[in-house]
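One chain, subunit A, appears in both complexes that follow, with subunit B as partner in the first and subunit C in the second.
== the complex of A and B ==
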């Protein structure tokens, strides 16, 4: 059995980061709940706790945050599923009607934004609203779409030069993608870390 | 009979003689001295007298004698020369030629077995419009003397004739007369006539048609079709007669349909190159062996004029030497009309790749003269699924070429370039794609922010 491709290993690493974010969020909720139970001596319902924790981070932050999550999904699909390099049987060029068009990439991206992007936009910013997002974090979040646009351009470049393969662009695309992911998960991870200190 | 009487008398005589020689003196015999003297001459008068006396004087003895010598007389009848003959048929007496039936002959022989003779039976037929009977079974059916069944006081026997079970071979319909001829070797008898009415339903033809493309060439597929119905189920001979442009019979062909069916004559074998541009007609004759009919003369086919193109040098030149899938390719073929004058030919281009087998690309009508002309198709027939594959292409034309073919095909060994995306990342289209994405993401974000997070 041949060892998994380098890109697959990195995909696993990215999934671990994502799982870490989910674990942080779950851990945060458990710890908050238990903390309140201990200090107040009563069980607080989930609804009440959500209401109590909810804070509005501002329209600009929310918009950028939702945009970033949408672009993150697009950048991920482009990086892994555009060329036959990683998944030879499952890639964008398996749909020649779309791939042969000049704006086929935009069509693929639009499909990603509209279907999984909408689901992400419905749930992730709501989850983020239970965390404290500092000004510094908000400024940092502005970096996420920039990093993701860089990643998307890297992927488009890899597609346009295919069958030539350029590892630099792939690595750059991956680094920018995972950095953006870390930035977008930062409120969850930081919030959990903060809660751990208490 | 006479012989039996004689024998009886002789017997009585011998008995009397014995009585004369050895009997006691109860029966008086004249000339007793002579009998002793050895004279044994027969005297019938004496015998008769002795018997008469014996009857009167010794009736018991006479009766005993009578019982002793009583032999019944055998009264043999005279040979009866008139047997009774009958002929019957199963089913209706009005029948079609293909109706199956059984002919049964019955013979009633009045003669007792000891004087019967074998009976030889022949079935005779008188066909419509014929004046004489003819024998159907050359080998006679035989009723042996012991093959009679005693029924209702009659000796009867019957035979069937497997030689005649239908009138399928009858050439004319109408009344058919059957009779039985019986012979005992010495005498011959005939039965009464059995008259059958044999009918025929003439075959019908319908749905006469020529199946072909609208203006066929002489070598295109042409099928002459017609439906045949014969309600009697007869074999119907259907003959297609093809008439040339002057109404003369050019060719004909026959098919046989049993009862109901469709005739299909493949027309191509009747025509050759020289028939191009000519009009033909046809009709059918059809008959079931008794009635033969013919259809009206039908028009068709009218062939297109023969045009022979000269085709050469099919080739392709990609607009870009890299041969990308998104490039235009200039497919060309040189063509001319080999005859004088102009001809309009339809030329169609097809390309063949693994992902798109023999894909139609384009088609055009071209006017061809005796001058060679290049017919171009500058087209982009490929898509991204064809990358890194070789391809083939063919020009198909509406008229045959110098090889009597209607297409020419070329395999192109150089594969299509493996490059997938036809623009650079930093290009109007590349950046345009990303801008569309950003705009869409932003619009969606604003929508969600306003709708769900305020």
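== the complex of A and C ==
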């Protein structure tokens, strides 16, 4: 059995980061719930807890945050599923009607934004509203869309030059993608880390 | 509690800045939030200033008249240069309604506002010229600047009349069909607006004799005359000793501060503010050095009060009205007794803020409370703990504790009881979830003074600080008669009234001397009676004296009735 491709290993690393974010979120809720239950003197329902923790982060931040998550999904699909380089049976080039069209890439991006992107837009900012996001963290989040656009351009370049393969562009696309993911998950991870310290 | 924070004067504007800082991202190219700023505790605010040059020098505030946020309002912005009212005031009294920055004397603005209450000709003139306004300055500030930011502007007033109107409106509106109710919730536009607006007012001002010192009383009275039960608080900062940033003499500032404090603290319940939060610029200066750091500290200290992440389960107590009741709280056994007690001759309390923060992995509740109130027996360790005004916590009547972090209610009360000696019922706790990076506490001590003879000699007590500024003020009044009365703009009429106010028997100098004696003997309150420049005779009648010393309720009522009778007889010219 041949060893898994280097790109697949990186995909697993990215999934681990994502899972870490989810674990942080769940852990945060469990710890907060336990602190409040111990000290509130009453049974606190989930709804009450949500209401108590909810805070606004501002329209500008939410816009950037939702945009970034949508771009993250697009960048991920472009990087892994555009050329047959990684998944030879499941990629954009397997749909020649769209791939050869003038607006093929745009259609792929729009499809990603519309279906999983809209779900992300619905749930992730809401989840984020239970965390304290400092102004510094908010300023950092401005980097996410920039990094993701770099990643998308790298993928587009890779798609344009295929079948030629340029590992520099792929690596650059991946690094920018994972950095953006870390930035977007930072409120969850930092929130949990702060809770763990108590 | 979501206050509309009103910074008055130059220092008030600087103090307000951190409260209104936008916590949202600044995208520079476009603002998706429009004119709405994301502020801590969702507070809103406005800067009220009279010094046009100061306004033009800064870039933080925009013109609120043009809808800019955060906005400033020039308090005489509604008065035209050739205004008839202005001309009348200038000719008759020598006051200028458009004086830039005004004079650094509290009595100037005090007098300027009083004449609009007492001069019938002026009232008529003002009402004709300014479309029903009683005062072209305070009404303009309140109705144009502050009111639109509060729930009152959307009919969300707590007054009975407004409640009746809104319930009548809701009865008239047609209910949604049963089938649609599953999908659509009826939207109450008023309530939507109300959630964005403020349910109380917090004035911020330094008490250094500028615009803020002069305006704080008239503006709070103007709001109160319109809204009888709307919670109004003031945060006043006593300026530092020695020369201040504007190089004004200490005793001039002391006199202005004392006049402002005297007026604020002698307006009976329902006529002025609901509580005065007092900070000492001297303590802040010693600890933080420069003004911008001091402003930042004031904001930090008020954060536990403003935090809207309330502990689940007891949200109702965080409403501004509930807080107002807690501030006025008496030892009444039921709400009726409480209401009766408020109706009595109660003066607004002084609330001394004590603030401390610590990382949540260091220290415990005891260290947090001791950090705020100082260690037991350490009265004079001024500036080394969280007390932002000199005071002895053990003399407090009550404590309002705003705490961020995960703490049990009983433990919080116990820690405060141990330090202050207050009984459990006199400690009100407001728990907030905070941001889990650190825990902090703001304890507002109500009237932490009195009950001890000679406390003014002990450095670090409230009596000591007040005794100092009152004594300085009296010295200034005594030595500067020409300076006080000879102000070039005053007409003879104003000079005469000012003379009576300052120097006549029963005038402010006399009352302040009495206050000094009261402080020395440990009496509470030490300011006893409202005094006007152009109003009733400044002479303190024997009846007033009796009210001040009587503790029996029946006796007080008799005295008040006699005082009223005396006033009526004087008005009719039967007695003098």
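Heads up, the rule we're going with is that the second predicted complex is superposed on the first by the 198 of 198 C-alpha atoms of A that agree within 3 Å, B and C clash if a C-alpha of one lies under 4 Å from a C-alpha of the other, contacts with A are read in each partner's own complex, and residues count from 1 in each chain.
Simple rule for what comes next: a contact is a pair of C-beta atoms (placed from the backbone, for glycine too) under 8 Å apart; a residue touches a chain by one contact, two chains touch by 3 or more.
Computed from a prediction, not measured in an experiment: that's the story for all the values here.
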item	value
Superposed partners subunit B and subunit C on subunit A - clash or fit	fit
Which superposed partner A:39 touches (first subunit B, second subunit C, both, neither)	second
Which of subunit B and subunit C A:27 touches, first, second, both or neither	neither
Contacts of A:48 with subunit B and subunit C, given as first, second, both or neither	second
Touched partner set for A:116, first subunit B, second subunit C, both or neither	neither
Partner chain in contact with A:132 - subunit B first, subunit C second, else both or neither	second
Vertex subunit A, arms to subunit B and subunit C (CA centres, degrees, nearest 10)	140
Touched subunit A residues, subunit B compared with subunit C	B
Partner chain(s) touched by A:100 [first = subunit B, second = subunit C, both, neither]	first
Lowest inter-chain C-alpha distance for subunit C and subunit B in the superposed arrangement, angstrom	8
Subunit B and subunit C contact sites that coincide on subunit A, given as residue numbers	56, 59, 62-64
Touch list for subunit A against partner subunit B, complex	56, 59, 62-67, 70-71, 74, 83, 93, 96-97, 99-100, 102-103, 105-106, 109-110, 113-114, 117-118, 121-122, 125-126, 129, 145, 149, 152-154, 156-157, 159-163
Contact set on subunit A toward subunit C in their complex	32, 35-36, 38-42, 44, 48-49, 51-53, 55-64, 132, 135, 138-139, 141-142, 191, 194-195, 197-198
Residue numbers on subunit C that touch subunit A, as the complex places them	22-27, 31-34, 36, 38, 42, 308-313, 360-361, 406-409, 433, 435-437
Subunit B to subunit A touching residues, read off their complex	325-326, 355, 383-385, 387-388, 418-426, 429-430, 432-434, 436-438, 440-442, 444-446, 448-450, 452-454
